[in-house]
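Here subunit A shows up in two complexes: once beside subunit B, once beside subunit C.
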Partner chain A sequence: MNEWLIFLLLFLSPVLSSVPIVLAYKSKAWTEKLPYLSVFGIFVSVIMSLYILFVLPENQQFSYPWIPEFGINIVLITDYLSRYMGVITALIAFFIAIYGLDYMKGDYRPSWYWFFFNLFTASMLLVVYSDNLFLLFVGWEGLGAASWGLIGHWFRDDNDISYVGKAGRKVGPLELSWPPSFGGWRAISTIRFGDVPMFLALAAIWALSPTLNISEIEWGTLFETLGAGGTIILLLCLLMGLFTKSAQVPFSEWLMTAMTGPTTVSALLHSATMVAAGAFVFIKLTWYIAPWTLHGVHGLEYVYLLVLFIGLLSGLYGALSGSGMLERKVLLAASTMSSIGLMFAAAAASYWVDVEVGEMHMNFAVLVAFWYMAVHAFAKASLFLVSGHLIHATHSRFLSGGLEFGKKMVPAFIVTIVATTFLVGIPPLTAYWVKSAMDEVMEHLFHEVGYLPLILLVLTSVVYSGIMAKFLALNFIKGEKPHHEHTHGGGLMKVGYSLMVSVLFVLLYIIFTSEEGHEFVAAGSVLKHGTITISFGVGILALLAYMVALYRPQIHALNKLGAFFGDRMYLPFMNDFIIPKIGFFVSHLVQDYGNRGIDGFFNTVTIPGLFGTISKRIRGIQTGYLSRYINIVLGLVMILLVVVAIGGVWL
Partner chain B sequence: MMLLYFLILPLLAAVLAPLLKPKAATHLTVSFFLLPFFAILSCLFYGCAEVHLMTFSAPIGELYLSADFISHAFGLTICIVSAMVGLFALPYMEHRFVEMELSVESEFRKYIFLYDLYAASMLWLVYSGNLILLYIFLEIALITAFLLIYFYGYGNRRWVGQLYLIWSLVAGVLTLAGFLIIGINNDTLALKYIETVGRYAWPFIFVGMVIELPVLGPHVWLPWAHAEAPTPLSALLSPLTVGLAGYVLLRIALIDYSFIVTYRSYIFGYALFSSIYAGFSVFKQTDFKRLLAYSTVSQMGYILAALCLGPFGLVGVVIQYMSHAFGKSILFSSAGGIIAVHHGLRDVRQMGGLHDSIPAISNAAVVGFLNLGGILTVGMLGEFFILRGVVETFGVSTGSLAILLAVIFMFILSVWYGFYTIRKVFYGKPKDTTRKEISRYLYVPLFLIGITSVLLVFPPLSTALIPGLKSVIWPLMGMGGIVP
Partner chain C sequence: MIEFSMPVLMLLGALVILTLCSAFSVKYRDLGFYGAIAALILASAAVTLLIPALIYYTAFVFAIGILNLVSLKVIKSVIQGVDYGLVALMALVTLYIFTTHNLALILAAFVLVSVPTYILVMVREGGTNVEVGIKYITFMVLATVLFLIGAVTLAYTKNAFNGLLYILGYVMLILGLSIEVGVAPLHEWVPDVFTSADPIPMSIIASLAKIVPFVIALRILISTSNSLTVSVTLFTAVLAAISMFTGNIGALTSKEHARILAYSTVANMGYLLACAVVIIKPEFFYFALTGALLMLFANAVGKIGFFNAIKGEGAFSLTMYLLAFSFIGLPPLIGFWGKLFILFSLVKAEYFWLVALMVLNSAISIPYYLRLARELGVGWKANLTNFICVAVVIITLITFLPDWFFRSMEVIAQAISIAI
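Let's turn to the complex of A and B:
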């Protein structure tokens, strides 16, 4: 088959298949049927991504002219990262879409939902496969726009189930409750705050490098041209885009309020698109920048150090925040932020970890980050889908449900057990091997960076394990009895999350059979040189934390601390209080002094008044009384005499 | 010659349309603007020759229709926007005439004459190869716009009309003075033969066009005019007319860039300040149309800033004009849609949740704001070129950091006020939950503009357009090498 046909189908079939439902938005009958077409569109993408993985040659570039005079071209690449990430994205989107057929039934604007859902998927696929930075940015902006549309999907703000935060809860001047329309606005405003600097960075690369293709840019030369200051500015600008998209501190607030969107959206947002996009692009850029070979470039080390610590701090911040949260989806959101932070940290560690893996000489740290992304994606998506089902069943977005309820929701119960245990790094389940490798990466940093990264990672892992167990316990085992139980139906929802979670087993299989998996398995071994490895120790700690949290999901003695964590350590104050206050103060100055002043000067008071006065004076002359004219003439004569006198003296 | 025939069509529409009934007149107008649109599109791919009209003695020189890519870019924007807004205007103006207790049929004749003449004069302006011809069309556009405000505007429309007329006349006269100086110095006003602009003509033209653009200071006429004009006029005035000042500046800059280079830092700083200032103004507006007007001032700051940024910036000027025109025409039309459907509703404080009653118009407005923000629309290319211009001109270093941050903030602000407004106007708890049945004329044209804008990002349109712009701008800027 022609490669271009494959790529066109891959990107366009989701978008085109959701056009009919948009056009038929008025007809209830059609909007009930056409979602199947949209899901089919994503299915086509799945097939295409699999075709690309198995049939198309590896590491090949496909180029089609766009604006070749300026180096902007449609360039796609099938490198290791793209091929796998493409399949992950398409597959996850497809499973969620199946689930969504049930979940979004009877919604008040299905056309909007399906259009943006599919646009979201297509945009992410574009980000994944594109090699040209401008093309990547097209997908990147698509992600931003689609996420805005989906987060604010329930724009009417009329249902408490779509809010984030407890209605009416106030801390100081701040109300800690956010409606969907606000969630959407905050998402796009935060994302744009990072996207424009990123766009500037791309423009700078465009100006300084002969090509915009990630795989062909001579990064070392580029950084040398820029010098240390320029390199740091360029990379910081670029990272602004990645950090805001991936909701790293201090840009994490939008992700928490993004939980106002439908759960399917949260699932997609958190696993394979949007927040993952930031980490993915960082991994991909690092892959090609190969910073471990560029130790001679000034400034680069600082940037990677910054990413390492922002990642780790976000990891810890997310996990701690999650420990105090009682809302199903917001808890998961905080945990996602934490995981994404670890991906950043692992990829950034590659600067100091010059270890190659396999025939393709892949950097070990980058590979770890990517694999953690894959494992996390399926596990987290499963958990989100489960929590969506729970919200449907209990009509509550807060953690609730005891063992009795759990027995009625057996598939969801099992999926949650599998997804949480496979995700937190309990030996010997899937994430354990990847997490062990991550521990090993952080161990590598002893000489250059010190012990702090490993300490932060271990702390994060332990708390993270605890919050996942808390999620399980408070939803299925020890939570309060839900006020409302509606446990029937939801067949497609169950199919969705069951399929999703089953991939974790496949990944486990791949880890044990693939070449790159060998390194993970080696990292996770119990003993090395006769002593117990740190990785295994961390695994045991995670298991302990999991067991403890399962047994005591809530500790009432720590309520105050929990509230502090649950309120995201009052970070909302920055977004909801300080920044708007400053902004509206400037607006007030500009409008009430600036514009009114200028308007008054030119249009309403000063200049019109001046003309009025002059006109009045001139008209005042023309009264017709002789005495007036004689006065004027005499006055003029007097002035003339004075002038002549002065002139005479002066001459 | 083909170009000439197609450009005559809109002028012809001004003569023929008043003879017809409203619906027929509208359809005639739309087709007579769409035909040149497609003609210009074909020019992008197959090229077309410039048309000699006549030659006068010095200092006027040759009158001709230029046919380079800059004219095409502006021309196709004007054609599609005029056609689509013309379509939108049919139900809107009928509604307005009824509201003003005028006879629909006879008023529509007057209105469509002025509308067609107004739009056609702008189209001719961008194809004018002679400064005096350009000036004449500038003045026709000004006067027709003034009359439309004066006759059919809202509020204190006569005062606003005069305000607009006076400011534009001041701008026009200053520009004319500049043109005349050019004519005397060069013995011709034909664009292709002018060799120097000189330090006396430049300030006149610059000040005149900065008033017309407008940027901070003289910007105060614009919110009045845009807010009180009948909406179809607002939907041409803001997108097309004010940006034409950018076109004039661009043409003059391409002849002689020295003025800009000499005063670059001042002009650039002024433009950034103006754009950010106006961006902040948007947040405080309570009248939806006035809000959009401030956003226009902010966007025009982009154009003035881009003008300072060398050849890449100049490409940015053209694309930014297009992107703003598409976006703002959609937005003003959606404001008009709200006015028509919700009985004159313009106060943002009374809105909220409008998506429920008019989803199609609400979605169109989203497309409009995406244009302004440069998200997935042609504005994206515009921003990319402007940013490249910034990098080429000021470099990426700690020394230029302040400038880079200011430019970044300017772009961010557009999206902030855009989506802030969307939320305030269209989302949130609906006050009116009944779905309104609205005429297709009120929203289908807006989506067509939006689709054009998106298509312009991708091949084959951008593949033809952008290198075309390069082929005009680069030689005039003395490129292949470095920015002068």
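Let's turn to the complex of A and C:
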């Protein structure tokens, strides 16, 4: 089959298949049936992504001119990262879409939901497969627009179940409660804040490099042209886009209130799109920049050091915040932020880790980051889908449900057990092997960076394991009895999360059978040189934390600390108080002094007055008397001729 | 000595037709109209035969001439029918102007375009507008005298160089041109005549009559340029800048529509005068020529549309706005291309300050053109005014891509010098 047809179907089928439901938005009968078409559109993308994975040649670039004069082309690539990430994205979106058929039934604007959901998927696929930075940015902005539409989907703000935070709870001047419309705004405003510098960075790359294709840019030459300062500024601008999209500290707030969107959106947002996009682009760029070969370039080390620590700090911040949270989805959101932080950290560590894996010569640290993204995606999506089902069943977004309730929700219960244990790094389950490899990556940094990265990673892993166990315990085992129970139905929802979680077994199988998996298995071995490995020790610690949290999911003695963590360490104050205050101050300044002055000068007083006066003077010449006109004209002509004559003689 | 080749005979034939039809049209008015059209067709064919590259120029002038003739249908003048002949004579001369290299003929052409307007300006329904006529003729006579003396002086210095005479001749020519077309600060007759004469004859004086003086001036200036030209050009540039500002700022607070158009003419003549500075870079002169002609056509069709709208008490809104946009210089309308080529040629001549002022002036002109369009625009009605307005809008849209016109001007500019 023609490659172009494959890619066209891949990108366009989700979008085109959701156009009919948009057109039929007024008809209730049609909007109930047409979601199936939208889901089918994503299914086509799944098939195409699988075709690309198994049939199309690896590491092939497909280029089609768009604005060739400016080096902006439709360039797609089937490198290792794109091929796998494409399948992950499409598959997760498909499972969530199936789930969504049930979950979004009876919603008040299905057309809006399905269009943006599919646009979201298509945009992410574009980000994943594009090799051209400009094309990537198109997908990137598509993600931004779709996330705004989806997070604020319940724009009427009329249902408490869609809020984040306890209604009416005030801390100082701030009410820590956010409706969907505000959630959408916080998301778009934060990511736009990062996108603008990112766009400038792309412009700079475009100006300095003969190509915008990630795989073809001579990064080393580019950085040398820029010098240390230029390299740092360029990469920081670029990273602003990635950090805001991936909700790393201090830009994490939008992600927490993104939970105001439908749960399906949260699931997609957190696993394979949006937040993953930032980490994915970083992984991809790092792979092509190959910083481990550029130790001679000044400035690059600082950038990677920054990313390493921002990632690790985000990891710890997210895990700690999650430990104090009582809202199902927000807890998961905090844990996602934590995981994404670890992906950034692992990928950034590649600067100091010069180990290649297998025939594809993939940097070990980059590979670890990518694999952690894959494992995390399926586990986290499963947990989100479960929590959506729980919210439906209990009509509550807070953690609740005892063993009795758990017995009524057996599939959800089992999926949660599998997803959490497979995710937190308990030996010998899927994430353990990847996390072990991550521990090993951090061990590589002992010499150049010190012990701190590993310490932060271990701390994060332990707390992370605890909050996952807490999620399990407080929803199915030890939580309060829900006020409302509606445990029937939800067939497609169960199908959705069961399919999702089953992929974790597939991944485990791949780890044990694939070439790159060998490295993970080696990293996770119990003994090395006769002593117990750090990785295994961390695995045991994670298991212990998991057990403890399962046994004591809430420690009332630590309530105050929990509240501090649960309020995200008061980071909302930065987003909702400090920055707006600065903004208002500046806008008042501009309005009161700048605008009035500018307005006065250009629009109302100075310039209009000047023009008015001159214009009246010019018209004042016209008195209507011929003699006056003749005086003027003849006078001018005579004077000019005399002046010219004298000037001419003098010359 | 003129060779009596086929095209020359055709031109003479056109003149004969024109004379006879005008003479008889006092009795049969329509004869004047059809005779004028026949003469124009014949002359256009003749000019195209003489110089094939002139075809686009000819087409534009022909269209403008026809529109002027058609718009004359609206009024019943006392010189019934002869007015067609006068307009056709002007159009004929305008068509002819590029085909000759003879200085005497060129100067005669200047007078031939000028004199019919003396009569046309007095035309109004049921009488003659003598007061306007006196004002207009006084200045035109002065302009003609200055222009002719300047031109002859310049021609003299070409063969017997004398720096003082060259500068005097240059300044006289520019001053004569300025008074003739209405460049500030010698524009005093323009607002008065534009507002007190009838709009229809004004639409002719403001359109067709402007082309020949500029073409002649440019041709004489480029033929006689020498080492002193670079210095004296500054005089022209300053005059152009004054005219732009005077016209555009004067129009801002004018209330009468005809007066706005008068000041708009002063401003446009400033843009056109700026082209004359490009003679210091003869290799880029064809840019200036293209710009000047497109600007003249833009000015002509715009003035025809607006004056007819004034006469008809409003015209179809859309056409009014499109004409305003063309004057402002929005792409892809003809006014944009005119300004673009003029600006481009000025950049090539390294007159950057004039470029900046011209762009600034385009911005200043926006409010009054839009005001004009808003006040003159009315709903659609099928009448002669709207027919003319639609026709001129089609002309403003015809230069969607002006490449063809530019290419033909490149050829024309090769042989623009006058034999002196």
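Methods note: the second predicted complex is superposed on the first by the 591 of 651 C-alpha atoms of A that agree within 3 Å, B and C clash if a C-alpha of one lies under 4 Å from a C-alpha of the other, contacts with A are read in each partner's own complex, and residues count from 1 in each chain.
Keep this in mind: a residue touches a chain if its C-beta (ideal position, glycine included) is under 8 Å from a C-beta of that chain, and two chains touch if they have at least 3 such contacts.
Keep in mind it's a predicted model, so treat the numbers as computed, not measured.
Annotation for subunit A, partner touching more residues between subunit B and subunit C: B. Touch criterion met: A:621 reaches subunit C, while subunit B stays clear of it. After overlaying the two complexes on the shared chain, residue contacts for A:193 are found with subunit B alone; subunit C is out of touch.
Once the two complexes are overlaid on the shared chain, A:579 sits clear of subunit B and of subunit C alike. When the shared chain is aligned, no partner comes close enough to touch A:403: not subunit B, not subunit C. By the document's definition of touching, of the two partners only subunit B reaches A:142; subunit C does not. Contact with subunit C, but none with subunit B, is seen for A:629 once the two complexes are overlaid on the shared chain.
When the shared chain is aligned, subunit C comes close enough to touch A:640, but subunit B does not.
Common to the subunit B and subunit C contact sets on subunit A is no residue at all. Against subunit A, the residues of subunit B that register as touching in their complex are 163, 217-221, 223-224, 277, 280-281, 283-285, 353, 355-356, 359, 370, 373, 375-376, 380, 383-384, 387-388, 390-392, 395-398, 401, 404, 407-408, 411-412, 415-416, 419-420, 422-423, 426-430, 457-459, 462-463, 466-467, 470. By the touch criterion given at the top, residues 134-135, 138-139, 142, 146, 163-164, 167-168, 171-172, 175, 179, 185-186, 188-189, 191-192, 246, 249-254, 259, 263, 364 of subunit C touch subunit A in their complex. Contacts from subunit A toward subunit B in the complex involve residues 25, 64-70, 74, 109, 134, 137-138, 141-142, 144-145, 148, 152, 155-158, 179, 181-182, 184-185, 188-189, 192-193, 196-197, 199-200, 202-204, 206-208, 226-227, 229-230, 233-234, 237, 583-584, 586-588, 590-592, 594-595, 598-599, 602-603.
Against subunit C, the residues of subunit A that register as touching in their complex are 611-612, 614-616, 618-619, 621-622, 624, 626, 628-630, 632-634, 636-637, 640-641, 644-645, 647-649, 651.
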